[in-house]
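Both of the next two complexes hold chain A, though its partner changes from chain B to chain C.
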Partner chain A sequence: MTATIQPPRSGNPSSGKPSSGRIAPKYRRSGGSKGNFEMLAWLFMRLSGVVLVVLIFGHLTVNLLVGEGIHAIDFGFVAGKWADPFWQFWDLAMLWLAMLHGTNGVRTIINDYAEKDATRLWLKIVLYAATTVIIVLGTLVIFTFNPCPVANGVQLPGGFCPAP
Partner chain B sequence: MPTKPAGTLYRGREGMWSWVGHRITGVVIFFFLLVHVLDTSLVRVSPEAYTAVIGTYKNPLMALGETGLVAAIVFHAFNGLRIIAVDFWKKGAKYQRQMLWTVLGLWVVVMVGFSIRHLSLALGGH
Partner chain C sequence: MSAELAEPASKIELPAGVGGGGEIPSFDVTLRVRRYNPEVSEDATWDDFKVTMYGTDRVLDALHKIKWEMDGSVSFRRSCAHGVCGSDAMRINGRNRLACKTLLKDLDTSKPITVEPIKGLPVEKDLIVDMEPFFQSFREVMPFLINRGHEPTKERLQSAEDRERFDDTTKCILCAACTSSCPVFWTDGQYFGPAAIVNAHRFIFDSRDDAGDMRLEILNDKEGVWRCRTTFNCTEACPRGIQVTQAIAEVKQAILSRKV
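Here is the complex of A and B:
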């Protein structure tokens, strides 16, 4: 009795050229339109991982371990950080890298567990939609942040407004 | 006739369990991040809305939740660096098991330090 083992649908860093004729044609990845996307994704997971260690550990240290820790976090805390382009850029990089890294990771997991083509397709559509919404929203929030919000001509309580 | 493999590098051993842990922590962090960007976006609704929702992060139960989240991140981060070392370092595959124990050791040290600091701040009142 021989068992056929399917090659993984994603996550293989090598070129994917079948080494023998035993791989059914529909599982062959070489020569397809995908090109070396999977290899780039594999590399991205590693490069983004190294950068994320620094970004996330820095984020957690500043927000949880320094000074009063979590008790210091409120609207004014965020206003203070985002008044500085350094932290704006830090959070922007963390947002994009963590979301793309996490999305690619979850894509791999969907490929591994969702057996039906239709299920895989739908799960990925939901995943990519969520990712797009979160990245766009998070980016806008960083760059449209207003320390002194006003509604109907009245300053909202809790804001940081220049003295009149 | 295929015979039962007499133990492999991977299946059922440390390598597999670290992979399971890496996968679960990755998904947990991903779903946290979705919620986290939404709660941060409340700074665009109003200062009071943001401060009220962030206030819920400050109760004792949430302090434990935050510690759990950080435990997941620290494991995923250290084990991720181990995966990178296995892939890129010449001797990586040879020392993967020693590196796993290093990951777990560092994880314990960092988490003991983090928990003491975070829980005493979070539970210690203002």
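Here is the complex of A and C:
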């Protein structure tokens, strides 16, 4: 009786790479990626992080600490801030940077933890859809916010709009 | 991370006379070895071996005693037995180390010492893994001198400062302890891994080498340096004490300064 001894290595010899041709399929890299996307994403995380420190702590200070602090926050307080282009720009920058920074961070986490390509794809579809909805909605709110909303010809309670 | 994995202080004290031919204290220790033999079963199991060892013995000596005196089927790689060849990286008590550089007395001998193959590479048998994906990434960074100038008639001289620039990364023995301790590598095995970057660093920062840009381009890949999340597992695992995470950061900086 003759026994066939299988070669101990996994994988098959058909890889197009300059290798001994014994790499298990899971480990083969699918061609080199062109471009600097990952580098720019890495850089963006650091730059946006630095800007976010200023934006977020400025936001928290003005909203929670200055003047009457947290007790001053109500509908009128928000309406007052968004009447000022400075705060419109501040909040817009914070929205976009935090969303893009957070989305790219979660993209990294998905890449690092999802083991199957299909799982990875679906998680990213959900992530990008959620990001798009929030960025679009948030931007619209900042620019179309109306402090004196009128519904069916009746002024909604806001408390500080001029009487009609 | 280190706090959680720290070993309690050694409980076996070597008397001052050890090394002078005096009596060496012995103790009993249990090795819990991860066993896998695809010809018998697809499932890996744990086998306990109780051995009497000496204060000067290493995990490798215990594995030798097991293989030579108790169960000849226990399989592992080793060659030099002195921390030079890089053959015997394994996961001992949950940390990647060289079995030949880990003294039993430095581990907690009151509990079984677990010995597993390094993670993230296909296990072939017991403690032996398929190193081919690891070496493939190593080959891809072109770990050899590329010099476009004229062939010198004598040694390629280099100043002490230029040599110092990449001294740390010349120490690598390709044991794979770093790459197989990296959680990014564990996920899908696509990341080039710390060892390939360390060995690219060795040539990128060598003043005699002319192919630094090519290596930086290779490591600018989506599976290159940007996948590093600076968890420092590699630096902690390296039996040669190489500052692996720092080497990776220096390669990131080099790519950035050439592109931006």
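Note that in this section the second predicted complex is superposed on the first by the 126 of 164 C-alpha atoms of A that agree within 3 Å, B and C clash if a C-alpha of one lies under 4 Å from a C-alpha of the other, contacts with A are read in each partner's own complex, and residues count from 1 in each chain.
Criterion: a residue touches a chain if its C-beta (ideal position, glycine included) is under 8 Å from a C-beta of that chain, and two chains touch if they have at least 3 such contacts.
The shown structure was predicted, so the numbers you read here are calculated from the model rather than taken from an experiment.
When the two complexes are overlaid on their common chain A, residue A:97 makes contact with neither chain B nor chain C. In the superposed model, B is the one of chain B and chain C that contacts more residues of chain A. Look at A:56: by the touch rule set out above, it reaches chain B but stays clear of chain C. In the superposition on chain A, contact of A:145 is made with chain B only, not with chain C.
Of the two partner chains, neither chain B nor chain C is touched by A:110.
When the two structures are aligned on the shared chain, A:37 is found in touch with chain C, with no touch to chain B. The part of chain B that touches chain A in the complex is made up of residues 1-2, 23, 26-27, 29-30, 33-34, 37-38, 40-41, 43-44, 46-48, 50-51, 54, 57-58, 63, 66, 70, 73, 77, 80-81, 83-84, 87-88, 114, 117-118, 121-122, 126.
Per the touch definition, chain A reaches chain C in the complex via residues 8-11, 17-20, 22-24, 26-27, 29, 32-33, 36-39, 41-43, 108, 111-115.
Across the complex, chain A meets chain B through its residues 1-3, 13, 46, 49-50, 52-53, 56-57, 60, 64-65, 68-71, 73-76, 78, 95, 98-99, 102-103, 105-106, 109, 130, 134, 137-138, 140-141, 144-146, 149, 151, 156-159. Across the complex, chain C meets chain A through its residues 122, 124-125, 130, 132-133, 136, 139-140, 183-184, 187-190, 218, 220-224, 226-227, 229, 252, 255-256, 259-260.
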